[in-house]
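Below, chain A partners chain B and then partners chain C, in two separate complexes.
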Partner chain A sequence: MTEVYRPVGGRLLTRQFYFMGFLALIAGYFIIRRFIFGIGDVSHLSDGYPWGMWITYDVVTGTAIACGGYAMALLVYVFNRGQFHPIIRVALLTSVFGYTLAGISIVIDVGRYWQLYNVFLPQYANLNSVMLEVALCVTLYTLVLWIEFSPAILEAMKANRLLRQLRHVLFFFIGLGILLPTMHQSSLGSLLIIAGYKVHPLWLTNIIPLLFLITAIAMGYGMVVFESLYASVNLKRELETDMLSRIGAVIPWLLILYLVLRIGDLAMTGNLVALTRPGPEPFLFAAEMALFLFAIVTLLNRKLRERPTVLFWSALAVVLAGALYRFDAFMIAYNPGAGWHYFPGVGEMLITLGIVAIEVMAYLFFVKKTPILAMHRPHPA
Partner chain B sequence: MNIDRRDFFKVVFAGAATALTAPTAQARPPKELSPDAVGILYDATLCIGCKVCEVECKAANAMPMSHDTPLEQAHGVSGLWDSGNDLNSQNLNKIKIYANGTAEVKDRELDGYSFVKRNCMHCVDPNCVSACPVSALTKDPVTGAVTYNPEACIGCRYCQLACPFNIPKFEYDKAFPKIVKCEMCSERLAEGDIPACCDACPTGASLFGRVSDLLNEGHRRLTFQPSERQEYPVRRLDGGETRTAEVATYYPKIYGETETGGTQSLLMAAVPFEKLGLPALGDESRAQLSETIQHTLYHGMMAPTVLLGGLVYAAYRHTHEDREETSGDQDRPQDGEGRGHD
Partner chain C sequence: MKDVDTFPNETAMGPYLADQLDIRGISRRGFLKFTLGITAAMGLPFGMSGQVLAALEQSQARPTVIWLHFQECTGCTESLLRATHPAVETLILDLISLDYSETLMAAAGHQAEQALHESLEKNKGQFILVVEGSVPMRDGGIYCKIGRKTPQQLLHEIAPHAAAAVAIGSCASWGGVQSAAPNPTEAVGLQEALTREGIVKADGTALPVINLPGCPASPYNLLSTVLYYLTLKKLPEVDAKGRPTFAYGRLIHDNCERRPHFDAARFAEQFGDEGHRQGWCLYKLGCKGPETYANCPAIEFGDVGANTWPVGIGHPCFGCAEQGVGFHKALHEQSDVESVTPSSLFPEIFTEHAGGVTVGAAAVAGAIGGGAVVYAVGAHKQLKQLEAETATSAASKTEEEVNQ
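So, the complex of A and B:
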């Protein structure tokens, strides 16, 4: 490929960076409390709501947002859209930290973290468990992401020999790095199948793996566009509107497919009548639909999606729509029965916030210190 | 946008292979009840709410006392009452009460009340066993008791999400927590004993026996006429110990006979089971559906392997410049690649 990657340079320890560090420190305090006094000390998790903010945001939503690397690899290596290659590295950067921090938050969330390695021991493996598939696949993919991302680090370290050797085998990890998210992003949805009636009928469906997969890919593209525009403005770089709008053009087709499948399935199973039930769920469903439709309408229109502000808000809408879909399914519209309520605790939310802050800090560090962002890109014909 | 035709067909081929290998997997059949499976038949119409089953359950399982801080503060004492008001990580077995209106008459839905015993249902096809990634929850192939192995458990709490009865409890207040649930006193069963709750019950409301026999006993009771006097076995079905009691009007159903593929804890009552906090469930377990979908997608890892082959091949073809760039590789750039052209 012709593009050249360069560190952005500039001061790392800005006021924003210190603020992020402060948020991380607060999270650190609550994480220490969690390990000394137990999960109940910092969270509002309960026997009725065993999964809350940490699983719903950090793992289920966080890894979907981190699907940029996966979504771009699909476009570049499977559909051979080489012109998007310059953006792959920065997409991988958000993926690598999205997944790594999801892994860290799993260590915080699981009760018996010191036995987590049991998921890798064959004598304990339960091949019927959707959770086992997710756990193995996410762990393996996080490793694959680091390997895919390592050329940037090796270039910064000037480890040229290693880099050359790596380039010869990288194609295998790229292939594996497309397969694994296909598997676990769909399985993250499948996790809910066994919960049955606890999941609201507007979200519970046998095609949930497919719906989660499609939205994860769409969110990956959305995040690449959103993050690139946001970073360009904040790092005072030229906007890559041309390339980004062409990535954005892929999104509406994914979302249309998703909406046809989702609404078609609700109609066929008769669960569409759940929209007439009292409660907040029909409104949450409508909010998801509004966000998805907004993104479809704006991104289908070439004139609109070539305007940076429209592109920015549309990309954000895709990410928010997919996030709300996951929050609804796992948390808000999840109802284990009478007498159970859940709203995340202060410590619980601050831990999540701190993890996001660490992601942003890591992003800034790598973008400024290692060759991530492309300086030159071939002019699209 | 014109996608390279060959690449497009590759993807279509991989997709088709994924779809075609899938239907070879069959729907997972429902799990069968072991012929020697044992269980507990709880008859709410016989229960007098004495809670001796709770006391003996705690003693048999060495469970700590539950504290109710506001209650203890109000009375200025601590440790006097074991006052948990529902199943939790300190209570494996709980007698609860349904009360309606004036709650005058026992075993009546309107202006009446009923007891209900809650504990693990020991499902024939348990969701928790299917969900657990590390086989910490297993079902005994003979007795059918669902037991827990803390050495395996990672504390992910997927079992809690999966259980339709919200039975597995977790020690949220501990630094080194465990999942806690009724294991049908498996250690006592192994010694030929019966679960502590059944052993303790003075009225036969909690009755131990083989599940098939318990179901026969349940159906026998459903044929009783209200207010006639009948013989009821006490403690264990085959123990010969009985007592005579007046028959209440049964709600015409044994809860657990079919629910979620059948359960080994069975319940009878005069009040509809939904009123007693037992969910209305279909006849198939969600585990069956979940495993069918998962094993259809991952049957023999065939579809993922085929897909991986296609993806690695595609990635190999589309990264040859990267390999050439650094090594002067002999790979001739292939024609008709259409790279980077719109």
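So, the complex of A and C:
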């Protein structure tokens, strides 16, 4: 851990930043409407589809994308690959905001949000509830993420005394930060087991928690790679292709494991026949498979994954594949019965878009103002 | 004296309803629930349940009932008593003064005839005549005799002195099973028998007859009619066939729980097939619900628990309560559908809910997707440029190395 983190510096209020701010303002308008006129005013959620865009994207997909911190911590601390440490702070940054905003979107999504605090009262806890596990675990992990991330802020504040004290206990939170996502990323999948026949047979399986966990980790790595490349381009920093291609090399093995488990399970339960049934579901399944296979093929090839453009598209494919898997399972291939329809409403999508915009703004703020990105060692001349 | 105080006044003792409920193990709460239910069954407003309750509790209001059995099977009486399931209904029998009933009275022979005679003398113009069974018109009614008298003779003797008549069951309403072809006894219902025999009330006005068809008639419809009379001191509104509209105002078909399947054209084609097992409409199996007026789907039949009435347990309605249907049409003959389109008040099978894609939503989704693609392609272009630069610099580096 000899690397040095430095704020990138530069002007914060760029045109892009204003644009993101504009998107956030639009979302703010719809959020205010939601709290004055209710959920029905801005969204298409119904009794048939109580979980729509907000749960599917902001919570389920959003936290999986925000698994960068978790995935990198696994690599650095569990598999002891210290060479990836320089990238951990930026991974944590996306995790912090991914999770925090997922928590905020829950408050927007839950009908009687003023009752939410009851989740945290032990006397009301239903210990058999997957939902309780998710709620408590995600909340706790968000707190842990902020503690894990706090050294960057403390360094920027030059609060050295506090920083020293924190260093003594940080190992505990790093440990928790690996345990908690393992629990709730799988539980997010378990939520669908309860939905039962409403979930299409191509997605419904008893091993769905494992599948969700594996894809969340793969998406975490994918996001770290994608983000680093994207930031390098837009913040005019040198590419970290070497390190990224080594992270990218982990992904295909995760995806192969995932595909073997998923297709093997479908074959064993006999649900593979559902592929021959009419409807859009087999095509959605095929699209997922195509994205996963594209990422596997490109990332397995050393020559290919060392090219930034290929790395960029395959990282994006991993994230998209995982996102599509979640969208299919939670929304598109989810059928609560005849007569129910769902397509996210305008306000619903714009709130989600605004939340993404806030994440981007927060990323830019912290990267420019606090020591997040590792300084490059001078190139050997 | 202490003892005198603790014992209730002897004159205040009597057959009180509360005591009767106590003896039969019926709670006050259960009794009130029954009252509310029966008020609803009579089609009376909810607020009138207090009056119904008062009528139930007034023991001096017991109307005298003379119950005659003609050509019938006593099924209506049996279903009213339902010995296996005594409840509040049996209690109602205690609220009417059943002075003469061949089935229920303890007396027999001359003793019974004497009771009838005495009651007739005492309650002239006051009592309710309940008739169960049809009247055989052929050969002067000799096919049915009670105490050596034909139904015609009995009616001539008793009916003119009744305040009103209730024809219970399909037999008394319009002949029932005895009137089925070839109708050897020329069986007819009470109303027609009175008309053909020219029997009117002693004051010359027509005797009002309330028909409660059904085979057997639903006991609740009799109870409701009696209670209606006790509460409001008048007879309930009846339709053209003399049936109380509160019970016979709607087609079975209109209240049937399988009606949505009819509207969706999902029929059981034969017993035990897929549709039958799925609980689909029984119309094609000969259900007479579409032409039979009765409240069976609402109050069910037989009083043995949830969803127990013929259609509920998977058998087509026989049309027992409808004139010219039950005992006249074949069991599995398809019925004439009186109302093809459902009332707009009925819920659809699958209610369509809002929440589909709108133009605005599609546009926003497209814009977001398009924007994401633009950003991604932009990054790709820049990356490609960087890639090319590093490639050239690497190439030049190797070139330099080679040159050195």
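In this text, the second predicted complex is superposed on the first by the 375 of 381 C-alpha atoms of A that agree within 3 Å, B and C clash if a C-alpha of one lies under 4 Å from a C-alpha of the other, contacts with A are read in each partner's own complex, and residues count from 1 in each chain.
One rule holds for everything that comes next: a contact is a pair of C-beta atoms (placed from the backbone, for glycine too) under 8 Å apart; a residue touches a chain by one contact, two chains touch by 3 or more.
No experiment lies behind these values; they were computed from the predicted model shown.
> Could you check whether chain B and chain C clash or fit when both are placed on chain A?
Clash: chain B and chain C overlap once superposed on chain A.
> For A:Ala290, is the partner it touches chain B (first), chain C (second), both, or none of the two (neither)?
So A:Ala290 meets neither chain B nor chain C here.
> After superposing on the shared chain, does chain C or chain B touch more chain A residues?
Between chain B and chain C, the winner on chain A residue contacts is B.
> In the superposed arrangement, does A:Pro209 touch chain B (first), chain C (second), both or neither?
First partner only.
> Check whether A:Leu45 is in contact with chain B, with chain C, with both or with neither, and answer first, second, both or neither.
After superposing on A, A:Leu45 lies in contact with both chain B and chain C.
> For A:Tyr342, is the partner it touches chain B (first), chain C (second), both, or none of the two (neither)?
Second partner only, chain C.
> Considering only touches as defined above, state whether A:Tyr230 meets chain B (first), chain C (second), both or neither.
second
> Check the residue A:Val130 against both partner chains and state whether it touches chain B (first), chain C (second), both, or neither.
first
> Is A:Ile174 touching anything from chain B or chain C once the two structures are fitted on A? First, second, both or neither.
first
> First (chain B), second (chain C), both or neither: which does A:Leu191 touch?
Only chain B is touched by A:Leu191; chain C is not.
> Quick one: is A:Tyr113 in contact with chain B, with chain C, with both, or with neither? Answer first, second, both or neither.
A:Tyr113: touches chain B, not chain C.
> Report which listed segment of chain B has C-alpha atoms clashing with chain C; options: 63-71, 99-107 or 315-323.
Here chain B runs into chain C along 99-107, and the other listed stretches stay clear.
> Which chain A residues contact chain B in one complex and chain C in the other?
Common interface on chain A, chain B vs chain C: 45-48, 337-340.
> Mind listing the chain A positions that touch chain B in their complex?
Chain A reaches chain B through residues 1, 35-41, 43, 45-48, 50-51, 73, 76-83, 109-113, 115-116, 118-119, 121, 124-126, 128-133, 135, 163-164, 167-168, 170-172, 174-176, 178-179, 182-183, 186-187, 190-191, 193-198, 206, 209, 249, 336-340, 378, 380-381.
> So in the complex, which bits of chain B are touching chain A?
My answer: residues 1, 3-4, 7-8, 10-11, 86-89, 127, 129-136, 150-158, 160-162, 164, 166, 168-179, 277, 279, 281, 286-287, 289-291, 293-295, 297-298, 304, 307-308, 311-316, 318-319, 321-323, 325-327, 337-342.
> Okay, in this complex, where on chain A does chain C touch?
44-49, 229-230, 233-234, 239, 307-309, 312-313, 316, 337-346, 349-350, 353
> Can you tell me which positions in chain C touch chain A when the two form their complex?
These residues of chain C touch chain A: 348, 350-358, 360-362, 364-365, 368, 376, 379-380, 382-384, 386-387, 390.
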